[in-house]
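Take a look at the structures below.
What follows is subunit A paired twice: with subunit B in the first complex and subunit C in the second.
Up next is the complex of A and B:
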């Protein structure tokens, strides 16, 4: 019973971090209208920063801030220099963002080596229903709350409104004087920061290798394709559900089986629904 | 025209190369470079000429390498190569059935995930060959490749690869001017428009996918012959990325550009003993520069080169 509860909790917390990651990817798909294949690399970047932070226990908050600010600035730079000029060319965006992911992987290999690393979870804070709660679990709850508040408040700000108008109709957005490039760059930057912070907070639950960002990317793609990009609630609900299922699968079988099943899910979903499901807006229908 | 007139000169030089005594090390590097060139050409047919962005071209190289390595345990090399080509074509047709219905990023995702499935499977699931368990990260040994350690074997391999690569290049150049090639280029320029003009878009894309797959499978057979084994890295995302990048560096859809770039860059990296991580990082850094057309903007070079396919929107 205890093992079952602990496993369910493991899947639940994995789902929370993937929900934040998927929310970031959904923002990019919706506003920038691209699929960023380096999104998982930003998640991994945050996780590796958490690993480095574990050597400086007193500076955790500083590292957390860096895990948000660094990728946000990097994302802003990438959006300005690569994404905005090339976003209408499928080849450039697909291969360009994949290239960035590979570059991050090589950098991680150089900085932290190719052996598997793990982050110590620290002392448990307590126990609820037989499940040990660690500081990173609390961090995930706080992060998910913060993301919900962000996505609740964002549409009520001028920037959020501009994002919504841009997501609806680019020409209309330009005609009312919205700086579409700046809005896209901000959305991309925010998405990168979300991915990185999700990786930072959930790092103790991960096994860190330079290519460990690929599975979260595939997971986020499955979520975004299935749940759509416009509502946060389906993204969160599906992430939690799928997080628990895949975590259980990984425990019962092996991590690679989990990854293969996720990949197969993408293959099936993309094949069955040529243009993606629900509101994944890449191509116009008319 | 200037580029075209260089082709016979380069081919002549390539034919004479083994006679200049490059030694087994450099000949082996050249053979590796020609395998990458074949893979790049297979990518260029699908991603360049037909405009379908594949991020999983290594799927076919891996299928070819594993198919040949596994079958060569039971069959003579020629029979194993033929059987691998047939099985590889069947796989390409199967994946092509689904992929040819997809567009843009969905096509890219489909190809990426297909290759990743095989990469993970070969990394973790063992094979039983004549009662012996093989596979995993170390891969599967290729019995047919055992003879390529000698200089004579390397020379034979070099000429086989050169002949096949040159034939593929010639065939692709012919295809560019053939009505089928023109239709594929039309799809690459604007798929919706091509559909509106009544072109059988899905059938043409299927054909390009299968042809590209078969070329990739043959590259895989040569790869297994050359390295003496098939490993999970034959399915790797890095290899697919490398093929796409080399095609972009050489001029997507131009055939000769990607081929010459692939052979020159791959050989140079090998000769300079550039570690794989550094190679990939260089590709990843160079790629955005090429995509953004920075060399031309900065130096005013390459004026008058063929740009329509690379500047496709």
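Up next is the complex of A and C:
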């Protein structure tokens, strides 16, 4: 067994699953200016859809499309009814999105039950340096590529430009005639769809229970806090780095010491650099 | 005519006085026998707690269909322990003081149960412990038999568990077993005890490793484990992360047979989803195909709940109620003390076998009459291994 190749591959796939999830969360934090505590629940929604899709092997693509479209529509509805009206009240929006997460967990419990479910990964596509590559690994690579392309092209569109202006200055966005509520709702909806598709693709690497979305949410938050929300590249780089470091630490020390070290590092960084590791200048309100 | 009317009035009057006392006598005979059930019905351990309750409910229905205990139907009164020590203790006190319960079954986690044990000792109610495995429970009985005279463990203790695993290791001819578990107290105690038992057989665990129960990063541990080339992996995690462990072993191409301590991996629905390619064994208290009693229970369970039980946390709690009913039938009275002294001497049948207790009030697991069972995944279902001679 090639330990180095296995470790690199393990860290890499851990990292890209963090990256896709964090990219969506960063979008919400940046454009909508809220922390969506139901982001992990959308991730789980996609994973549960993948579980259901495994009973209909011929309809996987249809389920994948549904895992994007369903949460996107739901996100749009939530944005219009909950997020936009409450977003300036940070306490209410935190409670509201947390409530949504709990609601989704209860719905998952009713629909799929509280027992642990798993999605079979299928036969490996091949081996690279002794590392087995499964279809879901390829799916994660394709998805992260698609996210990069999306985030590269988005600022070059009218919608992307509107998001950028809104993220910079809300008053200015309104003064140039941007429908800020609609832009926020679209960003929120896109973020929900991204989380769900990430869950769908990563499902074979997860154990599904109604509360399994909580831990990915914590990790996405950690990455967004550390990397900042303005640019995708730091989010992706940090996600990959974190995946590698996590894997390496767990290999060198133990799997639970690694978690403690990681959270300690976050506390230290946040206390030293309020805006995150990759913010060039700390912004001040005064 | 007048005399007739007067007689009728007298009879009616007399019946007015007599009826209440007659109905009282009747209600005393048929008043339900309250049995307290303590398990986590909410919180992170709720799935296990619900299985626990399903098992006791099925046993209560079975007993009630046969006429109850000495003519009294069993009424289960539940307390949600939420997986918290304080909550378990408060719920036990509520069941005993407010509901008038004299017989308790529970709790689920070892920590919870240790709190409930104190309630049982203070209030002198009978406590049957079907799941919690910590040595501390029977240790208390051994240290202070008078105070804890009404506390009995019907389930596995960590020592008995370790002995059964060691027996399997021996039977498989394994010389290089490894232990992989989750970083909880119970798993650490089990690994420690297993090491001790194996060392008496001249076998050494080549690696002992644990992953975080909240955020399992298992693959690095498996890489460490693969370097040591074990010939058998004891998977100590009874929870959902054991699924990930098996999946990642396959991803890494590890072909080492796995013995799971049971729980999640002994659930046929889970094993079907997982369809493991490595030999997968699981330890259970009882399993379909192991005995006619187990077959009957497994079929009844599936009829009621739509799936087969995994043979541990969804089987042992029901056995605790069967033991209680059996002891009450023999005692012919409702005193916890009398039932406790009968439990110390007698043998009581359950789905998993015939239960008798040692001096620390631990059920004698690992004996021919209460052996436990190892099952092997055969592609579509678990099949019990033949017991050793």
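Everything that follows uses one rule, which is that the second predicted complex is superposed on the first by the 238 of 286 C-alpha atoms of A that agree within 3 Å, B and C clash if a C-alpha of one lies under 4 Å from a C-alpha of the other, contacts with A are read in each partner's own complex, and residues count from 1 in each chain.
Methods note: a residue touches a chain if its C-beta (ideal position, glycine included) is under 8 Å from a C-beta of that chain, and two chains touch if they have at least 3 such contacts.
Nothing here was measured: the structure is a model prediction, and the numbers come from that model.
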Discussion item. Looking at A:138 after the superposition, I want to know if it touches subunit B, subunit C, both of them or none. Which is it: first, second, both, neither?
Written reply: neither
Practice prompt. Return first, second, both or neither, reflecting whether A:96 touches subunit B, subunit C, both chains, or no partner chain.
Written response: first
Item to complete: Applying the touch criterion given at the start, work out whether A:259 contacts subunit B, subunit C, both or neither, answering first, second, both or neither.
Response: both
Practice prompt. Applying the touch criterion given at the start, work out whether A:81 contacts subunit B, subunit C, both or neither, answering first, second, both or neither.
Written response: first
Discussion item. By the touch definition at the top of the document, which applies to A:121: first (subunit B), second (subunit C), both, or neither?
Written reply: second
Practice prompt. Considering only the touch criterion stated at the top, classify A:10 as touching first (subunit B), second (subunit C), both, or neither.
Written response: second
Discussion item. Between subunit B and subunit C, whom does A:207 touch in the aligned arrangement: first, second, both, or neither?
Written reply: second
Discussion item. Quick check on the superposed pair: does A:59 touch subunit B, subunit C, both, or neither? Answer first, second, both or neither.
Written reply: neither
Worksheet item: Counting residues of subunit A in contact, which comes out ahead: subunit B or subunit C?
Response: B
Worksheet item: On subunit A, what residues does subunit B touch that subunit C touches as well?
Response: 254, 256, 259
Worksheet entry | subunit A partner contacts - residues on subunit B that touch it in the complex | 47, 51, 53, 55, 98, 101-106, 108-110, 112-114, 116-117, 120-121, 123-124, 237-238, 241, 244-245, 248, 252, 277-278, 280-281, 283-285, 287-288, 291-292, 312-313
Worksheet item: In the complex of these two chains, what residues of subunit A are touching subunit B?
Response: 34-35, 37, 81-82, 85-86, 88-96, 98-100, 102-103, 106-107, 109-110, 214, 218, 221, 254, 256, 259-260, 263-264, 266-267, 270-271, 274-276, 282-283
Worksheet item: In the complex formed with subunit A, which residues of subunit C make contact?
Response: 44, 46-47, 50, 183, 209-212, 214-221, 223-224, 226-227, 239-241, 243-244, 247, 251-253, 264, 267, 269-270, 273-275
Discussion item. Give the list of subunit A residues in touch with subunit C in this complex.
Written reply: 1, 3, 6-7, 10, 14, 114-121, 130, 132, 134, 204-207, 209, 211, 215, 246-248, 250-251, 254-256, 258-259
